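Going by the order they are written in, the chains are A, B and C; count residues from 1 in each one.
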Amino acid sequence: MVLEVHNLHTHLHLKRGILRAVDGISLTVGEGETLGLVGESGSGKTLTGLSLLRLLPKGSGRIAEGSIKLDGQELTTLSDSAMARDIRGRRIAMIMQDPMTSLNPVFSIGDQVSNPLRNHNIAQGATLRSKVISVLTQVRIPSAEKRLGDYPHQFSGGQRQRIVAAMAIGCTPRLLVADEPTTALDVTIQVQIIALLRQIQADTGTGIILITHDLGVAASLCHRIAVMYAGRIVETGPVRRIYKSPAHPYTQALLAAIPRLGDKRARLQAIPGQPPSLIDPPQGCRFAPRCPARMDKCAEPPPTVTLADGHEAACWKLA
Amino acid sequence: MLALVLRRLWQGAISILGASVIIFVISRLSGDPVVMLVPPDAPPSLIAEIRTQYGLDQPLVWQYLLFIGHALTGDFGNSYRWQMPALKLILDRLPATIQLAACGLLFSVALAVPIGVLSAVHRGGWIDRIGRIFAMLGQAMPAFWVGLLLILVFAVQLNWLPAFGHGTPAHVVLPAIALGWYPVAAQTRIVRSAMLDVLDSDHIRLSRALGTPERLIVWKYALRNAAVPLLTMLGVYFAAMLGGAFVVETIFAWPGVGRTVVEAVFSRDFPVVQAGVLFTSILFVLSNLLVDLSYGLVDPRIRDVR
Amino acid sequence: MSASTLPARRIPWAALRRLPWLPLLVLGAVGIAAIGGEAISPHDPNGLDLSASFKPPAWQDGGSWDYPLGADNLGRDILSRIMAGCGVSVIVAFYAILFSGSIGALAGMIAGYFGGRVDAVLMRLIEIQQSVPSIALALILAAAMEPGLSTVVIVIVLTYWAWYARIIRGEIMALKGRDYIAFARTAGVSTPVIFRRHLLPNIFNTLVVLGTLQVGQVILFEASLSFLGLGIQQPDISWGLMLSDARQYITNAWWGITMPGIAIMLTCLSANIFGDWLRDRLDPQMRQL
């Protein structure tokens, strides 16, 4: 396994109290595997990604409990400087939402793509330059050699996202965390980026965690999916099974909310109600207040039920 | 880019022309300008000669045209005190003033950038708090008083640095601090808020996620972004230095345009006052112009837009 | 400005309970000294007493409480002179702010309301005005006229009207888009009435804030001019002038150049803090000023 996360708790210490943003999640990513981390905004999926890199909000955020192992090495106990030196950008890389703002406007892209390579002592001098060119070519930036001195504003949105990807994969990381990499892009570019991520994975065998709220994007790229709700994983399984036979009522509701081509019901099936406060979360199942299949037992923490090989869900209905 | 340069030059020329009108109008406020153009003890023959020479029997608009015509050919009249053309006198003193203003600006930026950056990085921390107190104080202390205090402490009490004069690098230290003191507060605030914005931006977050050392993130990747707003203001600050130089040069007996003009006011050496003020205005406009044109050096986006 | 209310906003009484008391105390003391004048000062501010020459402040060896802040080269009581200097500062601040505020506000209102060519001319004027350093302006004025209180006020007005005009212009342009102004215009309300009834009340808070923020700058400016000998003249007393005198005996008496400077600093500091406070209460959107 590239990544093994066990019982991770990430807390944000706010003035109003402790916000349990990630509340005991476990997940694994294998070599060359793509895991989709799916949920609404505020479900804790982004903070899960940041926890892997230990890049939590300064002062307020901290990992309270649990373990994160990368190739068997424990990350939660590593020093901050070791995280910056050996992990971030070197063995775990992250790319973010908005390609328009993810590149530094006042540095050339040559400088920005070579930055991680230089910081992690991957290459220097002429080797560095040829490496940068080859990475940019790999993400299909046309005539990369001539464009090293160009600045971000001289590239299109899709190209910028590919440059961001080039920065991330330059050091051939073991794990790539992609946080909503396609959200800010229009559909045709989304398709290109998804193809690019697939190609990167085929080339390097890197594990990918794709953080998204879009089940459609997740379906097109992921091998497995973990559905997060209110800081917890409610269902996880191979992508086919999740789409064909979603077990948890929340997953079912999410799938029902996807507009389908030729669907007679024109309106989106929005899930009624609001997610619970993570400062003072309900004792039992967190989805219970919004759940159509709510039972009395839901006031107690639901058991995790194994439905098939690799398909699990936490719900009393299945027990 | 060339169109921009030309447009700015044109605007600058208009401003300088306007300044010359202001100077002309004010110089005519006090009645007979001949009295100001000649020494108080001038004989009537000289007065009559100057009156025709400057066309003072002509209408006011014509007089202005004559004034600007003379100014354009570099003729501001002779300084009666120094017995030389006023323009030459001013040009001789100009380098010292520019040197002082540049050192003052350097001092303020050298202080404001680290304080601003550290205040932003350790927001709410002790540097931030001290910086804010410092800024409040700075805005309430006139440059000439800062100069006097500096002289009192470093020249009179400690005897570390010379209190006045010009020549060695040590001479420029106290005047430069006195001159650069006032804008430190405002510059710190600009750098601080720009850094706060940048440090919160997606590209800095990405740099962090890719393992860039914090030192490089702050002092290289974030600072170059945050420098843009400060740079856009540098012309204004350099101009402010030129204004402040009148006072600071007087305190420290710095042989620049400012002190020369102040002295000329007291000896009613009007040609020198006119030439000095017009030249300060020209420098004022030029420094703003240069900064406008140099944005592109720090911000690549602007290079292409315009 | 968030003023959608007509015509003026209510004064936030609740906020007054959290007044910045210390700065107000300082400003109050300056005001009392200015009004009281020589009647309340311990000594005649211009009274010579060579036996008290260079008397140090009370807490230092050789000092006495008769001269709490010490005496200058001619044995004049520094405290009394600082108190006398309050008067000049207050008068200069009052007239300078009154005139630059009214001229600037009127120009800004006219430019913002009528727009077009009037506006272009005004903006160009502001630009030109800003291309002459204000101290340089003061220098030619001083060379052309007798320096004194009125030249100081004229120079400050010439320097600051543009500052008011630019800000007020922006506010008026924003106000002009409001429905009730457009309605008043189509309903045939005359322009002076629109100015007085609809525009002025809406920029009133801004004017108050700008005026307060200008106090500190005016005091610094007056002190600088007087220090250079281009402002207040002997035998009138101003803080800048005191510093100019004290400069000659800087090696004999440190208190001579410190005490008036501290008076300037405390007054400006208080005015600035009070101005900031007022701005945050009345006009939070101007925070960038």
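Annotations
Following the convention adopted for this analysis, contacts are C-beta pairs under 8 Å (C-beta built on N, C-alpha and C of every residue); 3 or more make two chains touch, one makes a residue touch a chain.
Model, not experiment: these values are computed from the prediction.
Any chain bridging chain A and chain C, meaning touching each of them, is among B; the list is complete. If each chain is reduced to the average of its C-alpha atoms, the one that sits nearest the average of all protein C-alpha atoms is B. Ranking all chains by how far their C-alpha centres lie from the centre of chain B, first place goes to A.
For the pairs B-C and A-B, the count of C-beta pairs in contact is higher at B-C. Rounded to whole angstrom units, the spacing between the C-alpha centres of chain A and chain C is 58.
Work out the mean CA point of chain B and of chain C, and you get 23 Å between them. Taking the mean of the C-alpha atoms as each chain's centre, chain A and chain B sit 53 Å apart. Across the complex, chain A meets chain B through its residues 53, 55, 83-85, 87-90, 93-98, 101-108, 115-116, 119-120, 151, 153-154, 164, 167-168. Interface residues of chain B, counted against chain A in their complex, comprise 201-214, 216, 221, 224-225, 228, 298-301, 304. Residues of chain C touching chain B in their complex: 124-125, 127-129, 131-137, 139-145, 216, 220, 223-224, 227-230, 240, 243, 246-247, 250-251, 254, 257-258, 261, 264-266, 268-269, 272-273. Considering their complex, residues 11, 14-16, 18-19, 21-23, 26-27, 29-30, 36, 136-137, 139-145, 148-149, 151-152, 156-157, 239-240, 242-244, 246-247, 250-251, 261-262, 264-266, 268, 270, 273-274, 276-277, 280-281, 284-285 of chain B touch chain C.
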